[in-house]
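Once you scroll down, you'll see the structures, which are given as structure tokens.
In the two complexes that follow, chain A is the common piece, with chain B as its partner first and chain C second.
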Partner chain A sequence: MRVLTPIKLTVDISQLKYESSGEPLIDIAPRKMGDSDKCAIEEAVRLKEKHNAHTVVVTVGSTPDHERMVRDAYAMGIDEGYIIEVDGHENLQAVNVGEIIASMAEKTGPYDLIILGAGSLDTHSYTLGPIVASRIGIPIIASVDSLNYVEGYIEAKSVMEDGTYIYRSKPPLVVTVTTEANEPRIPTLKTILKSKKMEVKRLSIEQLGVRLEKVGLVEVKKYIIQRKNIVWDASEDFEKAVDNLVNLLVGEV
Partner chain B sequence: MSEKYDVVVVGGGPAGLSVAYFLADKGYTVVVLERGLEPGSKNVFGGRVYSYPLDKYFPGWRRDAPIERWVRREMLSILCRENMASIGYQLSRKPDGHDSFTVFLSRLLKWMASKVEEKNVLLASNVRVDEMLFRDGVACGVRAGEDKIEAEYVVIAEGANTLLLEKHGLRGRPSPRDIAVGVKEVVRVGREKINERFGLGDEEGLAQFLISPVFGGGFIYTMKEYVSVGVVYRLSFNNHVEGKDVIEELRMHPEISKLLEGGVPVEYSAHIIREGGYKDLMSKPYGKGYVVVGDAAGLILNTGFTVRGVDLAIESGRLAAEAITKTSPGEELSIYMDLLRRSGIIDALKKFKNVPKILSNQRIYVEYPDLICKLLDNIYSVDEFPETLNESLKKAVKGKTSIIRLLLDLLMTVRSL
Partner chain C sequence: MRILVYGETVEWLKQVREIAEILNSEVYGVIPSRELVNQASKILDKAYVFDGLTYEPNTYHKIIRRVSDKVKPDVTLFPSTIKGRTLAGLYAGEKGQPIITDVLNLRYIAGGLEIERLVYGGSCIATIRSTLPATICISIGAFKPSEKQVNGEIEYLEEIRESAVQTEFRSREYVGVPLERAEIVVAAGRGFKKKEDLEIVKELSRILNGAWSVTRPLAADYGWSDTWIGISGATINPKIYLAVGVSGQPLHMIAVRNSKTIIAINKDPSAPIFNEADYGVIGDLYQVLPKLLEKLKKKLG
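Up next, the complex of A and B:
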């Protein structure tokens, strides 16, 4: 079995700062691997341990942070890693990235299973998995909390608002996992040292023959909650102020 | 089964990277183990590095190191309650090897790490070393979690918080008297505003040392787009204050808030600082198969006006590397101490050995700054009846301290600095 795990270098949202105007300071925010991407790697490595799967990661973008991320994946137990060299990787939209990953999967595959994090840490669009599946033309099981390989079938459970669904599908297919899926392992000294010596392969989008659709992001803004800023002076008549407040809240409901 | 290297270095700060750099140069196989996400991620410092060790050992660094600004303006200021008293010193000399520059240490170390990796040093981050390994009294490696690494030499470059050395009884737990806490904020102010507010050219930087009756010591360094402000407070006095309150106090000072106005704080960090000086220096920073470098060994020089650590870390790293090349495996690395002595580092620490005592005198930080503020206030508050300097001084001193004690402290301070 061959398993591909695409991973994304995202802005570390928890460390994002904003200009007083609300403009996010994206250029200075630290970057890191998405949380659900780590869970996807963990699932892939578990398939390697249980079913002798050959595991591969791919990331789009070629900064030193990308290479570090691929090595982090090696330290968790991944066998092979690719960096796709492309300019302006942070301006690429899911439809571009999906096209690149699908082409990469066809060129270096075939893969029985493509496991992705369900949603990325920064954009949370949950679209990459479906785009890759539709572009390659294979089924997808989305947002799963657990994943098993049983007698030639992938069995996956996803917890939705209206109930728990269990899906079964024969590979090849795409599965997207949530952060509930597992607790990603922490690399040990030995695996980290080993990861440092492994080769990171590089492919350009020209080598993949990908032509990027022109889709762009117009603007990113901080979400500002509009406050009503109604103030009653309770120093004169406390009861009256309470009544005012209660009436207003009743009106809101 | 465990892997074997010539040298294992614990800590990827300036000292550890320096040892790795010089040993790899001599063909040793070296592995550096760093606790943080990457080298430098656990380091906190004000913002200034002195050039001389880089000039000596990293030719061409002025071209490609991530320098922010060259320090061309030195200031020493006393923060009075609302006002500020300063002495300034402008330097117009060209780079000549005796200069210093402002830098984000994390970026400088990332750059150093890239130089080290070019020399085929294995740099492993996110690794916590749990203990040193000894065989027949000779250090022979380290253990991290379940994994062990064997090495002919172990270099301890763990920084100010010497947990590993303490675990093995090689160093005692420092007393709170010898520990200060540095708290720093990096504020994005913008290049033009910095130039305008601090009176600087594009490449010119400011290094300002602050004394405050409220919190003790502090600093301001200007980066290209950012201003780094911080406080250093001793645990031994004001032991009910918290770092976040102290730095807030500094930022809210009318003279400081003016400089930072409109800026966005983008980084907040804190670190312990060993302030014991010569007394805190390890008497034997070496043993069979191991050496201790940088902050961990107590190599921090506080002259009262400047605090130096990064340059001593780099220098001690180089000397440790030299000692290793001159000592057979299993032997005491005593040459290291000889080299430290010969380099003048030990003498320098000895020369300033009374500084910690002076700086731990509360009067230096609390009463005298207050006194100077009052004095200047008297002198520069003009009304119908002018006072002589002597009258102003007497008025300022009144009820605070005696002139005799003031003179004694002054004498002691001058003699120590």
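Up next, the complex of A and C:
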């Protein structure tokens, strides 16, 4: 079995800072691998351990952070890693990123499973897995909280607002996993040292034959909704604070 | 100009009617349930209806694609829910067209659309320009529902039965009002110390004829609930969102920002939620909630 895990370098939102004008300082914000991407790697490595899968990661963009991220994946147990060299990767159309990954999968595959993190936190939220599935022309099992490979079938569970969906299908498949799927392993010193010696392969956009279009970005600003911001301190007047809540809630009942 | 929409709820379709008015477009819908037919035909210019199929994205996508081949839309709209985003990704991937999620606003410009969308986990708003045709996921509650009524056509679709993915669905048993339709939502955050303490939140929501939920850590880390409010869970836009012991992390707030009024109870005066709330009480929820419940019971009989 061959498993491909596309991973994405994302802006670490918890460390985002802003100009006084409200413009976020994107260029200096730290980048990291998405949390659900780590869960996707963990699922791939578990398939390697249990079912002898050959595991591959791919990332789109050519900064030093991208190479670091591929090495982090090696340290978790991934066998092979590719960097797709693109400048300005953060302004690519989501559909282009999907095309790049689909083209890479066709060139270096075939793969039985393509496992992605369900959601990245910056711009391609929950759509990259479905785009890749469509581009390759294989089915998707999306946003799963658990994943098992049993007698040639993938079995997966997805908890949604209206209930629980249990999916079962034979590979080839695209599967997207949420952060509930597993607890990603922490690399050991030994695997980290080993990861530094492994080769990182590189492919260019020309080799993949994808034509790119940038997002037509006009501006980015901090999102502020005007709220009333009226606050009562219960330690000053407990009864009054609770009465105010009652009036607010009953006014709408 | 033509809009195609995938629609599961009447509230969402009414928001799409509002978008159709803004863009001065005809709006066609793919509707996955016969129960919605009567209302959908008054909102949409034409409703393509199928029924009796458990949600499974690959099968639903085939149906949407079939309708799209007839309608040939300039803009295809989905709600920015997990299901909507999945279907939108399959659709845009197949068509090779731009896809934009978490959209708050849009307008026509020469050659396409100018769109405002949430980025970076909802902390920022980006203005972008897109060519047409495009696939767009609208942030739930970003547009007010239009009450305009039309006399739309209805076409029943032949069902597609075969699917590569077998699906089994176990419906959630709702006690009270479903979260997405509730006018008042009470949510519990990490200020709660144990699962049993959520009983008071449930009782409060029952008295207010609303719904209750939790933030992600209470569901995903502690297992106190199957679902939660947040970017990876449910998105809500009630009249009142009452957040109890909720600190206000960005990935939670993105899912509640379209609430009309936000009220917070938190003992930490520096909790970020107070910056995004209309009204707040700084106080210990273990003291405030029992008193609030007592007074509400007295007032509402």
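Keep this in mind: the second predicted complex is superposed on the first by the 220 of 253 C-alpha atoms of A that agree within 3 Å, B and C clash if a C-alpha of one lies under 4 Å from a C-alpha of the other, contacts with A are read in each partner's own complex, and residues count from 1 in each chain.
Going forward, contacts are C-beta pairs under 8 Å (C-beta built on N, C-alpha and C of every residue); 3 or more make two chains touch, one makes a residue touch a chain.
Since the structure is predicted, the reported quantities are computational estimates derived from the model, not experimental observations.
Contact comparison for chain A: of chain B and chain C, C touches the greater number of residues.
Residue contacts after overlaying the shared chain place A:F238 against chain C, while chain B stays out of touching range.
When both complexes are overlaid on chain A, the residue A:K196 reaches chain B alone and has no touch with chain C. Touching chain B in their complex are the following residues of chain A: 17-20, 25, 28, 68, 186-190, 192-193, 196-197.
Touching chain A in their complex are the following residues of chain C: 54-58, 61, 81-83, 85-94, 96-99, 101-102, 114, 118-130, 137, 163-172, 178-180, 183-184, 208-209, 220, 226-227, 231-234, 239-240, 242, 250-251, 257, 261-263, 265, 269, 274-284, 287-288, 291-292, 295-296, 299-300. Residues 3, 31, 33, 38, 122-127, 144-147, 149, 188, 262, 264-266 of chain B are the ones touching chain A in the complex. Within the complex formed with chain C, the chain A residues making contact are 11, 13-14, 16, 24, 93-95, 98-99, 118-119, 121-135, 139-143, 159-170, 178-180, 213, 215-223, 225, 227-235, 238, 241-246, 248-250, 252-253.
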